[in-house]
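In the two complexes that follow, chain A is the common piece, with chain B as its partner first and chain C second.
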Partner chain A sequence: MGQQTIGQVGAAGPVTGIAEERRGEPAAPKRGRGSDYRLPFLYILPAAAVLGLVTLYPIVYQIYMSLTDYTRRNLRGNPPEFVGLDNFARILTNDLGISNFNFYRTLAFNVTWTVTNVFFHVTIGIAIALLLNRKRRIIGRRFFRSVFIFPWAMPPLVVAIVWRNMFNREFGAVNLLLGSLGIPNDIRWLESTNAPISFLGFLPLAFYAVLLVNVWLGWPFMMVVATGALQSIPGDLYEAATIDGANRWRQLWDITVPLLQPAMVPAIMYGSILTFNQFNVIYFITGGGPFGRTQILVTQAFELVNPQGLYGVAAAYSIIIFFVLLAITLLQNRYLRGLEVA
Partner chain B sequence: MAVQEQAHPLRQERNRGAGQVAPRADFQRSRQYGPMIEDILAHLALIFILLVVLFPVLWVISLALDPRNIARPTSLRLIPPGASLDAFRRILTEPLPNNVGFWTMFRNSMVVSLGTSVVVTAFAVTAAYAFARFRFPGRKWGLFAFIAVQMLPGVATLAPLFVLLNSITVPGADDRLRATLLGLSIAYVSTALPFAIWNLKGYIDTLPTDLEQAAMVDGAGPNRAFIDVILPLILPALAVTMLLGFMAGWTEFILAWTFISDASRITLAMGLYSLQGEYSSQVPWSEFAAMSILITLPVVVVFFLLQRWFVSGLAIGAVKG
Partner chain C sequence: MTDEKRSNDLIRRALRARSSRRDVVRRGAALGLSAPAVAALTARSAGAQGTPPAFNSELSGEITFWHGLGTEAEPLTNTILPLFEEQFPNVSVNVLQVPFDQLQNKYNTEASAGGGPDVLLGPSDWIGGFVEADIILPLGDLMDEELRAGYNDASLSGVTFEDTLYAVPQNINGVALFYNTDLVQDPPKTTEELKSMAGELATGPDQYGFGLVANFYSNAGYLYGYGGDVLTEDGQQSAFDSEATVRFLTLLQELAQTEGVFTQADQGAVESLFQEGQVAMMFNGPWFLQGARDALGAEKVAVALLPAISDNDNAPARPFVGVQGLYINSNLDPEQAELAFEFARWFSTVGTQILVDEAGQLPASTFVTVPEDEPAAETFVEQYEVGVALPTAPLMQSVWTPAGDMITKVIEGQATPEEAAQEAAETINSAG
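What follows is the complex of A and B.
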C-alpha cells in the first residue's frame, strides 16, 4: 500500500538496518542463546502466521503466476496454462501487443527520473538547510522551517492530482501564472511530444512538469535530514578554519560536506528507492504519457493489472522490478557506503 | 575527526578554483556592507521559496472558496470575489457525480485504515520485541526478509493478492472477498505488517536494556519484563506506528482502485480521483478543491503533531548510518 507515505516518515530505517546487521550484532542481552528458543518463537508466532498467509504466500503464488498465462478469463475458476518463462521473454522482447510498451525505454526513463530527482532533492535540500542554519539572524526562522515541510506532510496522492490540474492547459494555475507574467501561456504541458532540450530528445515536456512536481515534493525530506546533521557539527571547527584563513567556500567543501555525508548517504539511498517507485506523481499527472514516454516500472506494472488484466505477465513484470531494485540497492550499498569514512 | 584527510582530489581542485574567483581585495571591501546585503538576500530567497511551497496550497484554497462553481477558473486570486464555503457544504451534504456521498467514502476509508493500523500494530509488537531482544536461529533471515519485502513497491504484489482474494467467496454476501472492505484490509495488512515490525524493532533497539535487566534481577521473567517494562516505554512508538499505518491507508489508491467495484464501498482516494473527469471543462473545480482539503487536513495535522518524533527518528538513523 502507499509505501510512499509510510516509508518516507519511517525514513532511513531499512537502510541503516542493513548496515547495522553488517557491522555485527547490536549489543543486546543474550537471553535465549544456547538454551531455549521457545519463547522468542512464541512471540513471533502471531505475526509470522499472518505474514505467512497474507505476504509470503502471495509472493510465492506470484512466482507460480509468472509462469502461467493467467488472465481475466481464469478468474472464474478455470486454471491457467503453464507457459514457462514465456512471460519474461515477451516482456524483455517487448512482445506483449500493448501499445507504447517498451521495457528498456521505461527502465532507462525510470533511472533518468530517479537520478535527476534525487540530485535536485539533495542539492536544494542542503542549500536551503544551510540558508536556514546561518549564524546571523533570520526573522521567522522557525516559521520557515515548519512551513517548508508542508509538501512532505501532504498526501502524495492529493499533491499529484492537484498538480495535474495545475498543469491543465486552459484553466491550470501554471499557465494562468505564466499569463499574468506576460509569458505565452498556451503550453500543453502534459500532452506535447516536443523535447525542450534537443539533445535529450527522449524527455518530453511532460518529464519536466513531473520533475518539477516531484522536486517540489521531495526536497523537504532532504532539508530535514541535512538540518539535523548540520546542527551536530561543532561550531569551533568553523572558527578554527576561519583563523587558518579558509574562506567560506572552502569551509563548505572541507567541513560541511564531509560531515553531512554520514547522514545524507542513507537518506539518498532511501530517497532514490522512493523516487524510483514514485507511482503517484507519474500515474496521476501524466499517466505515463505522452505515448508511454514518461512511464516508469511501477506505473507500467499497475496498468498490466488494471486495466489490462494480464495477471501472469504482471507477476513476471513485478519479479523483474524486484531484481532491478535489488541491483540498485546492492550497487548503492557498495558505492555510496564506500564514500563514508566509517 | 580527520577533516583534512578527507580532501578528495576533485574537491581540492574545486577549492583552488574558488580561491581564484574571490580575490582578497574584494573580500576586504565587502566586509562592511557584505553581511547586511547577505541578510537581505537570504530573506528574499526564503520568501521566494515560501511562495513556491505555498503556491499550490493557495491555489486549492482559492478554488475551494470560489462561489461560481467554477466551470472555468481563468484568473489567479487568493480570495475570489464573493468567497464562500459553499463548495465544502456541497461536498459534505450532496452526493458526488458517482452518486456516493462524502460520508460513505469517509466511513469506508476510516474502517479500512483504522482496522488495518490497529491489527497490524497489535501483531507487530510482540514480534518486534523478539527480534530486538532475543537471539535465535533464523533471526537474521527474518530481518533480511523484512528488508526485502519492504523494498517491494505496493504494486509488486497486486496481481497475486487480487487473484487470491478473488478466489474466495464471502459466505452470505454474494461477493468475492476481494471486492469487500475486509478483503482490502487484508491486502493492506500484507504490506503494512513488515514495516510495522521493522519500525517497532528499531525503536526497541534504542532503549537501554538496564531496566529489563533490573526487573529480571528482581525475579521477573521475560514476559513480565515485556509487559511491565517494555510496553509502557514504547507507547509513543506504538501510537506513531498506528498513525503511520492509518495515514498510509487513508490515501491508498492502487489496491482500492483495483479491488473495489461496488460504488457503495469506494474510499476517499477513489472518490477524489473520479472527481476529475476526462475533460477539463467537466471538472467541478471548487468541489474537487474542497474535497482535497478535507482529505488532506487530518493528515497534515497529524504530521505536524508528530513532527518532533519524525525528526528525532531521523537523527537516530543518522547516527547509526
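What follows is the complex of A and C.
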C-alpha cells in the first residue's frame, strides 16, 4: 500500500506535471507575455536606450537637418527653415558657391582611389605573405613579420603628418633624397596640377603621393590576413599536387589562391570601406588639394561643416555618401556571392 | 648647435626679455603707468595729455583671450600678460593661441553655439560676418566719445561696420616690400625693376631674388593699382569679373614666370626662405618684422614701398590696410563684457606699447608711441596712405579662398586670367 502510494505519487506527480506542461505549451506565449518576455526586454533596455540616444537619434536628426537650411546661425536654438530636397539638388548640380566643389569629380576620384589602393594592398600583402611563408625559411622571418606591421600600428594622424612633411617641396625628405641621387629635386608633390600620366588627366601628382602613403599604410593588414590563411592550408595538398606533376605556378593558382579566398574576401570588403572613407591620409596630407582634385567624399563632407558651416548641406551630403556606400556594398555582395557559389 | 652656444643664446634671450621688461616699466611711466602706483594712475584725470583714461584695477574675474599671433606671441606671454596681471591683481587671463588660418572659423563656430572666448584679437575683414552671425558685441555703450578720442580715426573707421563700432582697434597693418640689405642695396621702384632684379639676384640654385606669395591678400595692392576692386560698392557682389583683374592676374603670371622668382602659395614657406637669406625680397606686413629680424639680424631687414606698376603709368600699388581689433563676445553678460572691454582697452594701449617696441607694430591708440629708431614705421605709414581700407562686408569671408585659387590657377596655367577671374566671381556670388 505504502509502496503503491509512494509509487503512485512518485509516478503520477511528475508525469501529470509534464503532461500539463506539454498541454499548456501552445498557451505558454500568451501567459509569457506577462512575465517571461518582460525580463529579456528589460535586459536589452539599457543598450537599446544608449543606442537610440547615440545612434538612432543623430541619424533621425541628420535626416531632419538635411531638409533644412541649417547653418551656424541656428546653433543657438533658432529653428532653421525647411527647404525640402533643395540641399540635395544643390549638391547634385554643384551649386553651392564653394571653390572647386564638384560632386561627380569627387565621387569618381573616390572610386579610383579605393580601387587602386585595395588592388595594391591585396597584391603586395599576399606577395609578401607568400615570401615569408616559403618552406625554405627566409632569415629573420619573424623580424620582418613584426616590422612590416609597423605602419599599420602607428596612429594614422602621425603617419599623415610625417608624410606631408616628407613631401614638402624645399625641406621634405623625398625631394632631398632625389637631390642626393642627382635627380631634379624641385618636385611639387602636393601642389602641382600636372598629371604625370597624360591619359589619366584627372589624377594630379598629389594622387600618386597619397596613394604611395596609403599603400604603405594598408598592405600590412592584408599581409597579416593572408599569412593566417596560408598557414591553415594543409601541406599535403601541395605534396599531392607535386606528385601529380603540378608545377609551382599551377599550385599557386589551383591551391593557394582558392584557399586564400575565404579569408581574403571579407578582408577586401573591410579594406574597401576603410579606404573609401580614408579621411586622415587625404585630409592631413593634401587637404583635398590642388584645387579639390584629391578630395574624397568624406573630406568634402567635413569641409562643408568646417570651415563652411553649412550643416544642412553637409547632412544631405553624408546621406548621399550613405547611399553611395550602400550601392557599392550591395554590388560587392552580389559579386562575392557569385564567387562563393563557384 | 653646441650646448655652449645654446646656453649663450638662452642667456641672451633671457637678458633681452628682462631689459624689455624694464623698458616696459619706463614706457609705462611715460603713459602714466608707473609700476608701483597702479592705484594712483587709475585715479589720474582722464583728460591728461598722453595718458589713456584710467583703468579700473579693482575689477576681478577671469578672461579668456584668443589670438592668432605668430612670433608676436612671445612678447605677449612673456611680458604683456604678466604685466596685466600685475596691474589687475584680481583678474586672471586664459590665453589660447590658435593658428591664424583657423581662428576665424573656430570663433565663428564656438561663439555661434553660445561659447567662445571673452576677447578675440582679429583683423577687420571679419566684422561683417561676425555681425551677421550676431557673435560680437557692438561697442557703442562701452566706448564713449572720450575713449574713442584716444584712437586714430583711420583705425576707428576700420573697425566700424554700418556706422557701428565693433572692436577696440589695436594696430594698423598692411603689406610693403621687405628686402634683405645684404642682397639688395636699392629696392626696386617699379615692377619692371623688380623683375630684372629678381633675375640678377638669383645667383645660385637655391637663391631667389623675389618670393611671390601666391595668395590674394599679399598681392591685392596690384589689383587696386590697376583700378580694380574686390566687391561692388554695395558689398553684395564680387567685382572680379573686370579688365583690371585680368591685368592684375597677368602681372602675377609674368612675375611667377620671371627668372629668380620663387612662387609658393604657402606664406610660411616663402617667409622661411627669406629668413634663411635665400629669398631677397617679398611682400609682407609689420607682423613679420620681428620674425625676420630675429632670423637675419635687425640691420639686414629693410622695408620699402611696393614697386609701382610699370605697365600702368607707374601707378602705385594700393595694398589692403587692415585694422587688428579686439572683439568682445556677444554671449557675455554685461558685467563680464565690461571686464572684457577693460582688458581690450588696456591691451590696445599699455599692451600694444610692448608690441610696438618689440615687434614693430603700428598702434591704433594715440597714447602709444612709436620708437624714433624704428626705421620701418615711416615706410609702412607712407605705404598705407595710398592703401585701400580692408572691406568689412559679410561677403568677405567667401572671398579669400576663391581669390587665392584664381591666382594659383593662373600661375599654374590651369586657367587663363579671364577664365579664372570669371570663375572666382561666380563662386563668390553664388556663396552670397
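Going forward, the second predicted complex is superposed on the first by the 305 of 342 C-alpha atoms of A that agree within 3 Å, B and C clash if a C-alpha of one lies under 4 Å from a C-alpha of the other, contacts with A are read in each partner's own complex, and residues count from 1 in each chain.
Convention: a residue touches a chain if its C-beta (ideal position, glycine included) is under 8 Å from a C-beta of that chain, and two chains touch if they have at least 3 such contacts.
Just so you know, these numbers come straight off a predicted model, no measurement behind them.
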**Message:** Looking at A:Leu200 after the superposition, I want to know if it touches chain B, chain C, both of them or none. Which is it: first, second, both, neither?
**Reply:** neither
**Asked** Counting only touches as set out at the top, which of chain B and chain C does A:Leu132 meet: first, second, both, neither?
**Response** first
**Asked** Who does A:Ile44 touch here: chain B (first), chain C (second), both, or neither?
**Response** first
**Prompt:** Who does A:Asn100 touch here: chain B (first), chain C (second), both, or neither?
**Reply:** second
**Asked** Does chain C touch more residues of chain A than chain B does, or is it the other way round?
**Response** B
**Request:** Kindly classify A:Glu170 by the partners it touches after superposition: chain B alone (first), chain C alone (second), both, or neither?
**Result:** both
**Request:** Would you check which partner chain A:Leu330 touches, where first means chain B only, second means chain C only, and both and neither mean what they say?
**Result:** neither
**Message:** For A:Val115 in the superposed arrangement: first (chain B), second (chain C), both or neither?
**Reply:** neither
**Message:** Under the stated touch criterion, which partner chain does A:Asn306 make contact with: chain B (first), chain C (second), both, or neither?
**Reply:** both
**Request:** Examine A:Leu75 and indicate which partner it touches, taking first as chain B and second as chain C; both and neither are also allowed.
**Result:** both
**Request:** List the residues of chain A that touch chain B in one complex and chain C in the other.
**Result:** 75, 169-170, 306
**Asked** Any idea which chain A residues touch chain C in the complex?
**Response** 72-73, 75-76, 95-100, 169-170, 191-193, 290-291, 306-307, 309
**Asked** Residues of chain A touching chain B in their complex?
**Response** 1-3, 5-7, 9-21, 25-26, 28-33, 37, 39-41, 43-44, 46-48, 50-51, 54-55, 57-59, 61-62, 65, 70, 75, 77, 128, 131-132, 134, 136-140, 144, 146-159, 161-166, 168-171, 173, 176-177, 180, 216, 224-225, 228-229, 232, 237, 247, 249-250, 253-255, 257-259, 262-263, 265-267, 273, 277, 279-280, 284, 298, 301-302, 304-306, 311-312, 314-315, 318, 321-322, 325-326, 329, 341
**Residue numbers on chain C that touch chain A, as the complex places them** = 104-105, 108-109, 112-114, 133-134, 264-265, 269, 272-273, 398, 401-402, 405, 408-409, 412, 414, 427-432
